[in-house]
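Everything below concerns the one structure shown next.
To keep things simple, chains are lettered A, B, C and D as they appear, and every chain counts its residues starting from 1.
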Amino acid sequence: MGDPRFPFVHVRRVRWGDSDPARIAYTARFGDFAMEAIEAFFQDRLGAGFYELNLDHGIGTPFVRVEFAFRSPLTPRDTLATEVRLARLGGSSAHFALAGRVGARLAFEAKLVCACVRLTDGAAMTPIPWPAAFRAALEPDAAFATAPSPSGRGPG
Amino acid sequence: MGDPRFPFVHVRRVRWGDSDPARIAYTARFGDFAMEAIEAFFQDRLGAGFYELNLDHGIGTPFVRVEFAFRSPLTPRDTLATEVRLARLGGSSAHFALAGRVGARLAFEAKLVCACVRLTDGAAMTPIPWPAAFRAALEPDAAFATAPSPSGRGPG
Amino acid sequence: MGDPRFPFVHVRRVRWGDSDPARIAYTARFGDFAMEAIEAFFQDRLGAGFYELNLDHGIGTPFVRVEFAFRSPLTPRDTLATEVRLARLGGSSAHFALAGRVGARLAFEAKLVCACVRLTDGAAMTPIPWPAAFRAALEPDAAFATAPSPSGRGPG
Amino acid sequence: MGDPRFPFVHVRRVRWGDSDPARIAYTARFGDFAMEAIEAFFQDRLGAGFYELNLDHGIGTPFVRVEFAFRSPLTPRDTLATEVRLARLGGSSAHFALAGRVGARLAFEAKLVCACVRLTDGAAMTPIPWPAAFRAALEPDAAFATAPSPSGRGPG
């Protein structure tokens, strides 16, 4: 488990196949960058990624809202470090705040909200409270996110 | 050219490869659905998609902001019809409002904003006004989007 | 149902997001082009795509072999027409021969082989004979593929 | 630079977004796995990936042939280690032999052939000999691949 006092950071190289004829990463690929970072966050914090949550725990985490602000282009020259913070842990939701950087340069910021649902049968998605063990594992991140910072501002 | 009094609609089948182990379309794939619909809108309205804008006209349209609200899941059983409206045509930007539907069912809503830039050298992106011919071709859509509707409400 | 005397053809526009910084369709994207064409073939011939085969019929069609020969590049200027022929229908396998064209220009040829398996539990994949109704629906395509053509040559 | 006496190995986690409703990695995604591994091989051996080869050196490496044999399914539980060997270095081509493994389990084998071309204008692709510095950097890998192994068998 990572230390929630420090945001989780997922690192990956931007690739040729992520890039478009404008010779920068394709807009839609940032969705993959973000989802991959949150998947790694869950694996680190819960010991279970989307796949294990679904297949082993019967829990789905469908995303209900996604927002991206693109700050600077990415290319295959870049190694992208995506910071994942749990901005808010709702009863049956999680609000993520992401910042993707190449060194000190900000490439994108994103907010993503997922629900926690029980996978009963096929399409049906019934919101449920986060299981206690998962809530306990996520709360330190959420507490950190909402704590006042030394400068008096929470980290957004 | 389509008739701007009617929103442009791009139709495509959701596919196996768009779908994830939860057996619904993968969150990040909606970015492809939206970009593909806007690409088709430009092809219809300007006679030039992203590729022709870049390579033939030296114009880039990098996206600066993307927002999705997911309303209901998509599966490969679904044929997705994505309505593309030009909510606002800025001096060197375009604001799109998308609604993806399967029949009468709303699957997602999205807002995307792109800039209009001159592609001078590699990475440099200098915002420029929309070329006159492109502005003329896009204005009917923008005018329609902001016109009061018979019920007194603009179309959102 | 299509007429198996004529090969099934799946048509789609090549898109910006399919293309890489060399400004041609990305090598790995041809895998999507081929799978999408075979998915459409199954939907046409069986009335069930990969998704319905899996979820409604408990049948998986994992691919065991895929080969591509790339003949000419594709760009977003191109509308790709992919011909799908059922070169051989094995007891519990299907051998596909694909040819992707833009007008008269050949873009790629591909051979793909899938198995027919029963989805019992999770990972286990037990080969089974094609269900009778599916075999009946596919046999005309296979018969056509192996019949001598008027010129004395089978269609490859 | 890696030591060509040992094959280059590229490691990556299989992800949720790589996987399909059969709950295994999607067939077409193996194309990405292979291309990503070869991209990393070039970055390691040449100090230049596909992107730098294209933009900095004016050299394209279009793939002309790709073959996959799928040996066992991959899921997001798996960390994939893809071994990249340079089976043959032609005058203006490179033949790769890949093996993707999860621990000792073989997931796939692949052969890919790329050409070396000069990027003159847009679509035109003129085969050229590998530049001397690149050939020198790649030859140890090719020599290793064709050398008799202690057991009298070359490595495939």
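Here is the rule we use: a residue touches a chain if its C-beta (ideal position, glycine included) is under 8 Å from a C-beta of that chain, and two chains touch if they have at least 3 such contacts.
Note that this is a predicted model, so its numbers are computed, not measured.
Enquirer: Going by residue numbers, if over half of the contact pairs line up, that's a repeat, so tell me which of C-D, A-B or A-C repeats B-D.
Expert: A-C
Enquirer: Would you mind working out whether chain C and chain D touch using mostly the same residue numbers, over half shared, or mostly different ones?
Expert: Looking at both copies, the contact residues mostly coincide.
Enquirer: Would you mind pulling out the distance in Å between where the CA atoms of chain C average out and where those of chain D do?
Expert: 25
Enquirer: Centroid from C-alpha atoms only, then distance chain A to chain D, rounded to Å. What do you get?
Expert: 30
Enquirer: Could you say which residues in chain D touch two or more other chains, in rising order?
Expert: In chain D, 16-17, 19-21, 23, 26, 28, 32, 35, 50-51, 55, 75-76, 122 touch at least two other chains.
Enquirer: Under the definition above, what is the set of chain C residues touching chain B in their complex?
Expert: Against chain B, the touching part of chain C is residues 13, 15-17, 19, 23, 32, 35-36, 39-40, 49-52, 55, 75-77.
Enquirer: Could you pull out which chain B residues touch chain D in their complex?
Expert: So the residues of chain B in touch with chain D come to 16-17, 19-21, 23, 26, 28, 55, 76, 122.
Enquirer: Quick one: in the complex, what on chain B touches chain A?
Expert: 20-24, 26-32, 34-35, 50-51, 54-55, 60, 62-70, 73, 75, 119, 122-123, 125
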